[in-house]
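Labels run A, B, C and D following the written order; every chain starts at residue 1.
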């Protein structure tokens, strides 16, 4: 049985991560940015799991679980915020939401 | 196994690309679910069945459903797609793509330096993961529990919606404009 | 323990005054005053109980010493000690503290409790700076005195107070940081060399440093002290801070805060890094002399009373810098007297400026004039202290300036002649105060009151001190003698160094002297006693 | 008796303290009693001590009294100590006695002034400090007195401070003398460096044993001290302050700016005669400066119209004579002239004050006239004093003092014909301007009515001083008239006798006759030009030369341009301290940098993310490349 090469796993994680990054950088809609963030989180999780498989250690998977928990929390708060923002500003465009400008 | 890996990798990459290019949020979400499922297969191929299951249940199941709920609650209509079209101009892709291309090249160079070594493709059973979680990383578990708790409370508080949560600066400017309006 | 109590009493008094100020303004004033009077009695008792003429000794000897462990992990002790030099300075601190509380009796009405808290904490900080013998403790107190001062200027100051307060804080903090870096570097160098990591002054005293190390570390200390002094390129914070501060703040700034700089040079910069300090001494003296004239020149150009007095401080501090680095008994004793005399005379001038401002609500001298008729008592006091500031014999400043110049003359003739022209410049600005403020025609019908009993007592006390300084300076010279001699030890080592071969320093002095009549031997003999000198000359 | 020496300065000082603290609450009689009394007792004490000193002289003909050690540092140990010898005794006597008389005079003269107690406080302080100056045992105490009398001079010139011009004059006096004082202070530093003491007797002794005659060190020291003397005694080039100093009340001009303080320079040079002896160049300079000053000041006096300014210039000129005497080594004669000058010049000022008071504060003497009958006492005393000033032969004291100076400027071994000639011309001019003044004030028509006649106290003072101006001369007769000279004899205990060029000792009588004739000629000339034939002088007044002389030979003009304006300009150009701008620039720079950084804070999440990405790219690139 052939095994998944370590490099391929990592490269896949990198590609997914960068796609997520492109999403964050390009999209102005805050929902899409949150989605892209999820992609990035997931990709980093993938890297951990790959590493876990490579060294036959459970730690990588443990890390994935933590990431998962974090993502869940983040999404719940983030989505609540999105709703508030939409209620207040009637837009989801982050470039117009720049009140934190220095 | 390898074939499955590559196949699902292609599916994951393609569907992720679709996610970031869609104009309608629901479409993007559905593509993301596809991507997540593909990744879950990859996890399986990597010998992490427990994680694969979690990926399907929590990510593709719970979190994405949350997204869909929100998108539905926001009730974004036609005009939002129209607006999305305006926001998403082709030239905006240029810079990020260049940056990421540089990054991917660099990553590939980095990873290619790692010479593949043989290893046993034994799957790590959920039991091992569980033992590790609740012995070595117990503190982490507790912390993430608290994080989730905080997330729930935060989401509840933000979602109450009765009182407008405003930064005091915004509140001031808001009341100013209100006052101006009244004087008119 | 009595030394620690000196500081603790003031700190507790400050807190009590703050609390008391919440319900009764008068009570907080009395608390502050009584606190300081208690301290004053303590310090005078210490002074009286120690015979004035302390024998000359080779090692530093302390009248009273107090050590207790503070942060032993880092080798930080709560180490206080009293010798002649800081005995004089602490007495001055408490004396001027009393003056500043009295002078703000009617001036400060808002937040009086917090005001007195600040005053007492500044004084506590200054006392700590003077007394501490642990470098970390020293730095701690150095910072303690800055923050309340910042509040004092920023809250109760005049129209441009916030700017002045920030300027003061940034200048002193930035320079203090350099000093702190130097302290740390010294700490680690000493620790590495000996294995004992300590901030104790007496142990760090003998640290052997390479020339460049010693030079850089000394610069850190020296810059902090020169900013505080202030020496000329570092002085711009002073006129603003002095002008904008309330009267009490100006008195404390001019009378005490500046002295911490001078004290720092005498206590730390010179003994810790004798070779480097001696290497820079010609330059320091040049800057001192420039400061004398430049300060006087700027003072002469001012129209704001307090600003003028502020610039005179720059000028007088130039004398201190000149004398400190002249490095002989005459000059150093002169420096001690100058610290006292300047504290009193400038403090008194600020009090006068403050009480004029309280009465006619301006500091602009072009709007004053003819005040003698209205307030003869104040004018008399103003006259006396202007004369003190121009160095009239019989008043303290003269003794100081004469000794400093006579001392520096033995090191560099040209520089001293240059600096002595500051005597003429000081005449210009001092007479200008009299001319513009008290003499001349009345510009308005002022209808103001002369000094009240409270102010009379205050002025009277200051007059007594400044005249005492001028007529019986020996009281203070005796007290300071052993400390001065200790400092002189470090200069003595210079002379042996010079004789063994370093020629360039002599060359430098020769460049400065345009009438160089000191032959080499004599310049080396400058700290010899008169008797030895005569022998030397005869041999010659 | 001698142990009471310290009381002589202490009593007036006590008077000052009491007047300064309680003066405002005392009535005028009390003030006068205290002010005059303290100086009076002091004068009495001086006379008693003087008699005691002469009748039973202490060892070495000098007496030392140390009150306490002023400061004691590394062997440098000046004390508050007094030294009484013949020189300081004469000065103390002149100061306290003339001072006492002037105090009596002022008690009446200043009676209407609101600053009565202030005036007496200052005057008492002055007497105390002046006595301290002359009695000082060391240079530091001398310097204390020196600066102190300068201060009193400043305070009294600016006594009527409401007039800005007076304050200006006071400032000028203080600043100009302070320039000299600074030079003196530097001289003191030099002495400290070389002897580690400031004790005058010690230093003079060390100078004579250790220094080489004519060495550059001696010359430099002498010149530095001379600088102080020039400032205080209003000699070239620091003489400009004295004419302006006449802004003070007349008794002040009499006491400070004629009789005592301005002769402090003479005292200093006489006191340090050994040093000047060791520095022949400096001593020559003293003579030359004296000669030039007496000439220039004499010419300036010739054109003045303000009665007090005439007297001021004549004072400068007479001090020039004293300097000349010192410069040619006739030490004792310089002191003699000082004493006589103190009598007659004080008298002149006091009489002038009486005249001015009588004529509603009229200072211009050409608006006076014909006062001979109105104010007979003033007239006669003024005439006696003028005669003394002009050295009217045989009967006036001024003749005996001045004539010998003129003689010695020729006959001394360091004298010269040039000095003699100048001093002779000076004598001639003196008699011209003096009698010009007398004629203008007391003769001719009366132009201003007399409002107030002098009272008893003023008259007594004038008469006593007039008597002294005549009789004072007979304690010192020249060789040609018997050589009865107890004064010089007394002084020679302290000061060396003048050394003559041996071959010329026989012709003294001839010289005296020349001088006397010239003096009389001067009086006649004054009578001709200023009394009988006024037209000529009127025409002369229009000339540029007259204006030049009137302005004091343009020194003020020159100094204004050379020092005053540059100083004021220099003060103005950098009023706000350019160094501050350096720090302001630093502030500006950091604000600007801050502004640039603020620009990066757009508030757009995508921008931040982009920057983070760029950071990642850069970091990774660095990792890869390195």
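By our rule, a contact is a pair of C-beta atoms (placed from the backbone, for glycine too) under 8 Å apart; a residue touches a chain by one contact, two chains touch by 3 or more.
It should be emphasised that the depicted structure is a prediction, and the values quoted were computed from it without experimental measurement.
Compared on C-beta pairs in contact, B-D and A-B come out with A-B as the pair having more.
We define each chain's centre as the mean of its Cα atoms; on that basis chain B and chain D are separated by 98 Å. Chain A and chain B have CA centres that are 4 Å apart. Distance from the chain A centre to the chain C centre is 63 Å, each centre being the mean of its Cα atoms. The distance from the centre of chain C to the centre of chain D, with each centre set as the mean of the Cα atoms, comes to 37 Å. Multi-chain contact residues of chain C (touching two or more other chains) are absent.
The set of chain D residues touching two or more other chains comprises 610, 613.
Along chain A, residues 21, 25, 28, 99 each make contact with two or more other chains. Taken pair by pair, the chains that touch are A-B, A-D, B-D, C-D.
Every residue of chain A that touches chain B in the complex is listed here, in rising order: 1-12, 14-16, 18-23, 25-29, 31-32, 34-36, 38-39, 42, 45-46, 49-50, 52-59, 61-62, 64-66, 68-77, 79-84, 86-88, 92-93, 99. Across the complex, chain D meets chain A through its residues 597-598, 600-606, 609-610, 613. The touching residues of chain B, counted against chain A in their complex, run 1-2, 5-6, 9, 12-13, 16-17, 19-20, 25, 28-29, 32, 35-36, 39, 42-43, 45-48, 50-51, 54-55, 58-59, 62-63, 66-67, 70-71, 73-74, 83-84, 87-88, 92-93, 95-97, 99-100, 103-104, 107-108, 111-112, 114, 116-117, 119-122, 124, 128-129, 131-133, 136-137, 140, 144-145, 147-148, 150-152, 154-155, 158-159, 161, 164-167, 169-170.
Across the complex, chain D is touched by residues 21, 24-25, 28, 33, 94-95, 97-102 of chain A.
Chain D makes touch with chain C in their complex at residues 20, 24, 68-76, 80, 140, 143-144, 146-148, 151, 154, 158, 161-164, 167-168, 170-171, 174-175, 178-179, 181-182, 185-186, 188-190, 192-197, 210, 216-217, 220, 567, 570-572, 574-575, 577, 579-580, 582-583.
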